[in-house]
Amino acid sequence: MPQPATEPSADRREFYDRLGRHHLSPLWLSLATLVPRQPASGCRPAIWRYPELRSLLLEAGGLVSVEEAERRVLVLENPAFGGQSRITTSLYAGLQLVLPGERARGHRHTQSALRFVLEGTGAYTAVDGERATMHPGDFIITPSWQWHDHGNDTDDPVVWLDGLDIPLVQALDAGFAEPMHAVEQAVTRPAGDSLARFGANLLPVDHRPRGLASPVFSYPYDRTREALETLGRNGEPDPCHGHKMRFVNPVTGGFAMPTIGTFMQLLPRGFETKPYRSTDATVFTPVEGEGRTHVGAAVLEWRARDVFVVPSWATVRHQAASDAVLFSFSDRPVQQATGLFREERLP
Amino acid sequence: MPQPATEPSADRREFYDRLGRHHLSPLWLSLATLVPRQPASGCRPAIWRYPELRSLLLEAGGLVSVEEAERRVLVLENPAFGGQSRITTSLYAGLQLVLPGERARGHRHTQSALRFVLEGTGAYTAVDGERATMHPGDFIITPSWQWHDHGNDTDDPVVWLDGLDIPLVQALDAGFAEPMHAVEQAVTRPAGDSLARFGANLLPVDHRPRGLASPVFSYPYDRTREALETLGRNGEPDPCHGHKMRFVNPVTGGFAMPTIGTFMQLLPRGFETKPYRSTDATVFTPVEGEGRTHVGAAVLEWRARDVFVVPSWATVRHQAASDAVLFSFSDRPVQQATGLFREERLP
Amino acid sequence: MPQPATEPSADRREFYDRLGRHHLSPLWLSLATLVPRQPASGCRPAIWRYPELRSLLLEAGGLVSVEEAERRVLVLENPAFGGQSRITTSLYAGLQLVLPGERARGHRHTQSALRFVLEGTGAYTAVDGERATMHPGDFIITPSWQWHDHGNDTDDPVVWLDGLDIPLVQALDAGFAEPMHAVEQAVTRPAGDSLARFGANLLPVDHRPRGLASPVFSYPYDRTREALETLGRNGEPDPCHGHKMRFVNPVTGGFAMPTIGTFMQLLPRGFETKPYRSTDATVFTPVEGEGRTHVGAAVLEWRARDVFVVPSWATVRHQAASDAVLFSFSDRPVQQATGLFREERLP
Amino acid sequence: MPQPATEPSADRREFYDRLGRHHLSPLWLSLATLVPRQPASGCRPAIWRYPELRSLLLEAGGLVSVEEAERRVLVLENPAFGGQSRITTSLYAGLQLVLPGERARGHRHTQSALRFVLEGTGAYTAVDGERATMHPGDFIITPSWQWHDHGNDTDDPVVWLDGLDIPLVQALDAGFAEPMHAVEQAVTRPAGDSLARFGANLLPVDHRPRGLASPVFSYPYDRTREALETLGRNGEPDPCHGHKMRFVNPVTGGFAMPTIGTFMQLLPRGFETKPYRSTDATVFTPVEGEGRTHVGAAVLEWRARDVFVVPSWATVRHQAASDAVLFSFSDRPVQQATGLFREERLP
């Protein structure tokens, strides 16, 4: 399906202009672009180093007033998508700083969000009347249309990675948002309640799901780490993934959120994964350890708290210089629900 | 969440420039745009009249050679999205002409497609070894990654409306395509086989679904029309929808395709629907009758075979000047699978 | 796990007696019976000839008064389960006669029921405000807890086969029943409404399922026959099943009822199926044609309207002397929902 | 639907005899029994006291040799179903003793089984290559058709409650069993592996379910107790249930087994539940505490490790004399899958 290389003739040009006035365009000029042979968004591999990010964030902390604190986020933009606030075609990522004593005013929106804690212990995110205390490595969700607010009552700055489905919701044109009247929601349940209530392989006998997201909204790193360690002790790593797990909604066994899949994987020291590719462009952040990841021809050297992105259908190989744990997220749930997900283990 | 109205100070500007060099952007400048209060794509209501479309299509028939025939499609572009080949944020629509004796070379792609026949009887679309003969009002699907080709062996031109999920697949960066080596696939099953096999409220005893789309790939208008007429005789129309049905995949009861929902509704002569809005921007084409549709402040006067589009969350009211039948399609299956779908009946 | 062959000692006997007084029993005496190597109910193959059944039914028509007419049913009892009103371990079957002018008073019960019409055209079953006119070969369901009544306004007797899940509901101890105050329910929808509304590969746009059974409650034989014929023309018969289809609930693609699976199969003249066995004991009634079925060592010669039963895990081979169509039903939906279903194609 | 009270006439009797010879029976004599107004199995409330059970079990330990040890189980028979090895219409319950040094030879069967540990710490059940160490209050499953064996390497006797779906599998006539060649299966995974792998709100990224049962086969009491305590601290008890949870299969959010639902509930000291009834006859065993349960007119006084049964549709009220924890199981998954489940909160 190659495109015509030559300039259109004058009568064709006149015809195309006339089409344009009717809000029509000739498919024969754009078909190959619209229906490419394989993923062709131009999304590029990229890495952001935590030390630089942290330094810029703290600088932003000085520039952006307390009133703007809820927006004190640096958006990670894919180099191919400058000015579009997207790290992949469907996902947004940002680094958020909450300084000691700050609060981010509560709101809700139809975009699903995850917080992955990079630095600082003791801040909280409140969802559905419960405050989750945040520790590095914790994975926290704020599901679609649920009120959430957060604050930092400790003496140290707190930094987390935000992941949202903003570009997807734009593509579906289904975004709604609403601010909370109060700064904070009332705390109606003690910390840890949702994990005990929904996350202990039991469910309340008459539980009726509310929405598609997990009612467990905080997945503490200590439990996740313990599960990975057990897998690491008890069996061989997968050639392409090491010991890789996905976070689940215990009410369904599906992903924790309907639009964003989240994963945690353990790569033993010295382990090199076999080449693999999939259609869900993925954002990674190492929680522990260091190593390098080959993404096509690019090589990304990473340490804990860096953030890097692997485009759709790019071939990936990880090499762990030390025992390493990687958190990652992608739009896999949407791709699976629509039958578009593909993955391939390469020789 | 209003955006700052004033120009940034010099030090802020310098900071923003520095951020840009690190592929970062300040969220506090873009939050309101990224997370709008309600759907804010700018998608506009619009209508394309069939007589004009037909005339331009035939003109294209003269300009575009037989070799290019497979691409002889005029893409309907939302006036808000010029040059983007999308009629809504997530959907593509085009009008395709196949002249007597022509064939569109077979191919397959991960984009799901529908054909809705506007004019001409006797052309065919082949899917999975079976050729569906096309009549006006027939709804035909070519599911993701299934080979399809079409041709017109009659003496008259054939025109249909194409609906595809191209923008959605772009947003997910999951597009693959492959041309067929032969022009046409071999015919291995007689016409009507899939409808008898899967569409008679029976399924083969050991049927295992292949993919998420309906194995019934042709929904003939005569059956659809008969069902609507029965509903029209037997009960009151819904205040907002008239007698409205959705096409289903008989293997699951879900939508015929996982990314595009399709609907047919009967509006009795003189019926006026109550205002309604939903988050799935929708493309309509009347099959029979005439009337007008209020979309927010706009009024669209339509006749059979026109095509019009209703943006997300726009308030819709239909008025049928005669008995009218409307076909429509939207991305509702994706919105429902992701929990984003909203609809509202207004007072 | 053989059972002890010898008589228990006196002290054991005394112990067993003592256990019995505490409502206890020693598992070591019954384990092999309770947990058999393979299905061991004793259920036997059997056939009932229609001419005899019909004659006895008509005789019952003379004995049983009009007031008792709603119960004028001969229950087909598996020879192994005399007095238990079951044709298999989980299913009930009966032959019902409705004489000209009679009505069976309406009621509802949690047992699911099917009617399969053997003789007579023009009687009706009413479900959910709609009357289905009955023709030979029609398959009609009266779902759990839905009001139903039937009558015969023609001049000829009508005979159908009833299939119910009575023994299963007994095993679950979940049976409820309620008589209707009026003899008949009000007719609120014309005949054919549910088939048009739910059975034309379309569903009402806002349809919410009520219960697990199909909202299409009548599957007319002419449509079923046409689908089978198309399959017969278009492809090879399955070696074990011929052209076999299952009736589906178009809202889910599952079985028409949650407890009883129903099937129709076409065996071309002269076709002999390969041996097959499955765990769902099955009741068959030929609609057309004649032939014989080997069930283990037994040979059942059948003609249209006979009824025969194949026990769980018995090896089945059909031989069609003429083009034959067989209706059948079993508890397969329950076996599949519980993971107990097994089937095997034998060499 | 009352049955005729009078004796049948001579000609009717002759007719009934003749029907019997054709394996037919007259429905008009049995309809009210087959289709009762409400659950009518005759199942009775009953309680077995642990001290008596334990004493009889130990006595059996002396009578039944080591070779028979795998069958050293006392079956709890509902007083209404003497000789039928069922505690409800669909469920089997038994008390099993494993003496120090004993092993129960491995086998597998299509019946699903649960073990609920009443006494003794340190015995094991092996499933799928992993041995679960058993502590009082632990809930362990041996899913359909999975090899399992158990042993007691401690110095103390171990007693657990077995719950199986034997009568249900009989009703479906779908029972298969197979002995293991070796006494024990090889241990291929360390204890705790399945809980870490599947039970920590994560699943292996490419996990494909095998069967319908939970891959977590051991639910340790300490985790269950902790979850209940958290619920008890954080919210009000349900009026009818106290703090009641169901064990789930983390792959689906459904019940841990497809045929047997299992529950654990905390009743605070002094709490009295409101009357409630449901169609799933339920077997209870208190893990901690004491109290009484009203079952219709019967009053059952219980202490930890007793076993009692509540028939279908019987009205239940619990009174906790101390903080009490009750384990229970029923056939609710089957009733829900078939649409037969009913429950009611009474005034």
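Note that the chains take the letters A, B, C and D in the order they are written out, and that residue 1 is the start of every chain.
As a working rule, a contact is a pair of C-beta atoms (placed from the backbone, for glycine too) under 8 Å apart; a residue touches a chain by one contact, two chains touch by 3 or more.
Keep in mind it's a predicted model, so treat the numbers as computed, not measured.
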Shortest chain-hopping distance from chain A out to chain C: 2
Chain A and chain D, separation of their C-alpha mean positions in angstrom: 43
Whole-Å gap between the CA centroids of chain A and chain B: 30
CA centroid of chain B to CA centroid of chain D, Å: 52
Multi-chain contact sites of chain D, meaning residues that touch two or more partners: none
Touch-based graph of the chains, sorted into line, ring, star, complete or other: ring
Residues of chain D that touch chain A when the two form their complex: 189-190, 192-193, 196-197, 199-206, 214, 216, 219, 223-224, 226-227, 230-231, 233-235, 238, 241, 244-253, 263-265
Residues on chain C engaged by chain D in the complex (per definition of touch): 1, 11-12, 15, 18-20, 22-28, 30-31, 34-41, 43, 46, 48, 52-53, 56, 59-60, 63-64, 68, 71-79, 82-83, 85, 88-90, 92, 94, 109-111, 144, 166-179, 211-213, 258-259, 279-281, 311-313, 331, 333-335, 337-342
